[in-house]
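Just below is one structure, and these are the notes that go with it.
Chain nomenclature is as follows: A, B and C, assigned in order of appearance, with residue numbering initiated at 1 for each chain independently.
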Amino acid sequence: MSVELKNLSKAFGRFAAVQDVSLPIETGELIALLGPSGSGKTTILRMIAGLEFPDAGKIFFEGQDVTFRSAYQRRAGFVFQSYALFNHLSVFENVAFGLRVLPRRSRPSKQAIVARVGELLEIVQLAGLGRRLPAQLSGGQRQRVALARALAIGPRVLLLDEPFGALDARVRKGLRQWLRAFHDQTHLTTLFVTHDQEEAFEVADRVVIIDSGVIQQSGSPAEVCANPANDFVVDFLDLKPGQTGWDG
Amino acid sequence: MAGAIAMRRVVVKGRRATAESPTVRRILIAVVTLFFGLFLVMPLVVVFHEAFKRGLSAYLSAFQDPYTQHAVYLTLLVAVIAVPLNTIFGLASAWAITKFSFPGKPLLTSLIDLPLWISPVIGGLIYVLLFGRHGWLGGWLIDHDIRILFALPGIVLATTFVTFPFVARGLIPLMQAQGSAEEEAAATLGASGWQIFRRVTIPKIKWGLLYGVILCNARAMGEFGAVSVVSGHIRGRTNTMPLQIEILYNEYQFSAAFAVATLLCALALLTLFLKFIAEWRAARQLAAGSRS
Amino acid sequence: MKIRYGGLFVFLVVCGLADGRAVDILNVSYDATRELYAEINPAFSRYWKEKTGKRVSVQQSHGGSGKQARAVIDGLDADVVTLALAADIDALHLAAGLVPVGWRQRLPEKSVPCRSTVAFLVRKGNPKGIKDWEDLVKPGVAVVMPNPKTSGAARWNYLAAWGDALEKTGSPEGAKAFVAALFRNVPVLDSGARGATTTFIERGMGDVLVSWESELLFIKSLRGGEFEIVMPPSSILAEPSVCVVDKTVDRRKSRKVAQAYLEFLYLPEAQEIAARHFFRPVNPEVLAKYADRFPSVRFFTVDERFGGWQRVMREHFSDGGTFDQIYQPQR
């Protein structure tokens, strides 16, 4: 599904978090929103999900204006930085949640739910851990549950907010590779927010660099390194003068 | 070498400076124990002793008085109405305060605590000023034979007012600490408002909610001042347990007064026990949540 | 769930409105009459059943006389009021027009079915030798009394002291000085008559308790040998009044029963009950029967010596009145 952001703006009180952001996203793209803390990238992601509403501008899903649709109408899978797992529910129930709250008419049967959850747990390599509670899992495992949970509803777009930030380097690397592989397989339109340049460059098709609520540059990792648009980009990416390519 | 020795001496000195000396600790503990003994344990012991002084049959006969029976019934009835009302109000206001931002939010948060600051007598007086014959609404109501004051509705209103903050105050800090991330996740997964409330929020807050409800109930059953103002003291009609205890005491029926008082004391002890359990479970749940 | 509780609420309101099986009336009274009406009310029910074949139940509410009057003004649905002083019933007329201005004349003895007086209770042996009002102001005598500002019964105490001093000294200034001296001997003013009794009896404070004779006789019946009653040679005739609350009985259509209830209080049966509960009956035959319980004393009334309750309230018990001038809280 394609997503288009047109002239999005949002302020919290007097702080302008997002200023006139426009961004077209093709179906099947894997985009990284890259920028320092407070740059507005998470706010943009939450507006796409329907967790915040913009003060101005529009959001389109496949050409349809969804700007003021609530989160539960948008079917955008969201993975939170803090995982936001339901701590009182088992891993199985966490993943099944989105299916269980479907309106009765569209709700799958019990067996269908069991099958689907089993499938998803396989995909995220957590098969057999269905009965565990989130408190009994490691950070990396919890994040994978969050992923499986978001995928369970068959979302049209997958949004990840600093998904791997709280994990140690080795786990992070593994999950990154997993995400890339998953995307190659499914071609699900995916956006993720990060402040980690290496992560963005390694995983994403396209990198969108944001600072102070304004898009600084948008392009493939190679393009951005070859032609940094302004001083901020140079500084942020720590590009040495004369560096021409990204050997990734 | 000398430097290392000097450092070690400094470290030792520092440790002693921050810990209380054993004497101070013992004094503090003694003071607290004395306080507890005098103000909590002794009155309880006195109540039970006075109630049973004349034997078990005298104790039980206190509860055969129809006015006393009605007072117990009325107290329970008022609690059964006021506590669920306040649970709903408390949940709604805690939800509004922790999940939304709206103009006047700090004012609402302070207003919720209002019944705790003002004397309960004022809490009762409010309703006299509203529903009394010369009150804002009273004249009209009385002319149409609708009895609010000096009848059950007035007692329920006064009790609801003074017990209002307990559920909200049990929930607000808990919900603020827990944050809305889980609710947001549920929203993105397609859950409606009611589903989020039932499947995500309630399990999270259930021990805090129980804590607030227990306190609310204890206060509702024991409230004296506000109810005394609006009750009318009609025997067998508008006397709750606390009012009935006062009546019995004023009529020199000391054993009976203490006998009814033991009921309230038993309720207090039960409340203390349940509250302890609920508090402990809520803390455990919060700790588990924050570990994830 | 919300709807169900709303329904319950409405149901309860409706229940409050209509309870038609037996006629019931509400008697709003003061503290000292608790035991009295507990016996009178069933007697009246029997009487009414015999007379008309209908059932009636009398609900009771008790509290401080002024507080009860206040409650009736605020909407407490009294069919009859039986209060400690006529001034409290006057207030019903003045504040809310609940009774007509000439209410006192509607029943015998100016609407007073039983009386009492003010006397003293001392500890066994009368160690301080209290015999008359003068003895109360002697140095070293601690007097226990309720607060005239909050207790209807206590106003009678104050007026008894004032009235006696007025006669003995011959002037209002002399009376004022006496009453001031009296209150200087009062260590603490309880808010109600029963509170003062508790202070004297249970807490063991004070040398003499000044209260209604009815209350003192009641205490003696409970605690016999520990205390003695001392009747001063002259005292006030305490006249608690009764009245039908017109506005209420007209609305509730209960006038017939309410009127009959108050008239019942004057019948020999009720007069006997009153005497048994230590109130002086107005019926001379019944009074004669209990002559040893109710010794003869030189009485004066509020109307004779003070010119009526309206004047008394204005001069003595209004804000800034004589009592306020006399009594400054000691602590």
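Observations, loosely collected:
Here is the rule we use: a residue touches a chain if its C-beta (ideal position, glycine included) is under 8 Å from a C-beta of that chain, and two chains touch if they have at least 3 such contacts.
Bear in mind that the values here come from a model prediction, so they are computed numbers and not experimental data.
When chain centres are set by their Cα atoms, the one at the greatest distance from chain A is C. A simple rule picks the central chain: find each chain's mean C-alpha point, then take the one closest to the mean of all protein C-alpha atoms, which gives B. Note on chain placement: the centre of chain A and the centre of chain C lie 81 Å apart, centres being C-alpha means.
Between chain A and chain B the centroid-to-centroid distance comes to 45 Å (mean Cα coordinates, whole Å). Between chain B and chain C the centroid-to-centroid distance comes to 38 Å (mean Cα coordinates, whole Å). Touching of two or more other chains is recorded for no residue of chain C. Residue ranges of chain A in contact with chain B, taken from their complex: 49-51, 70-72, 74-78, 80, 82-89, 97-98, 101-102, 134-135, 142, 146, 149-150, 152-153. Put simply, chain C touches chain B in their complex at residues 1-2, 5, 8-9, 12-13, 15-17, 26, 31, 34-35, 59-63, 71, 73-77, 96, 194, 222, 251. Chain contact summary for the complex, chain B toward chain A: residues 181-182, 184-192, 195, 199-200, 203-204, 285, 288-289, 291-292.
Those residues of chain B lying in contact with chain C across their complex are 81, 84-85, 88, 128, 131-135, 138, 142, 145-147, 149-153, 156, 232-238, 247, 250-252.
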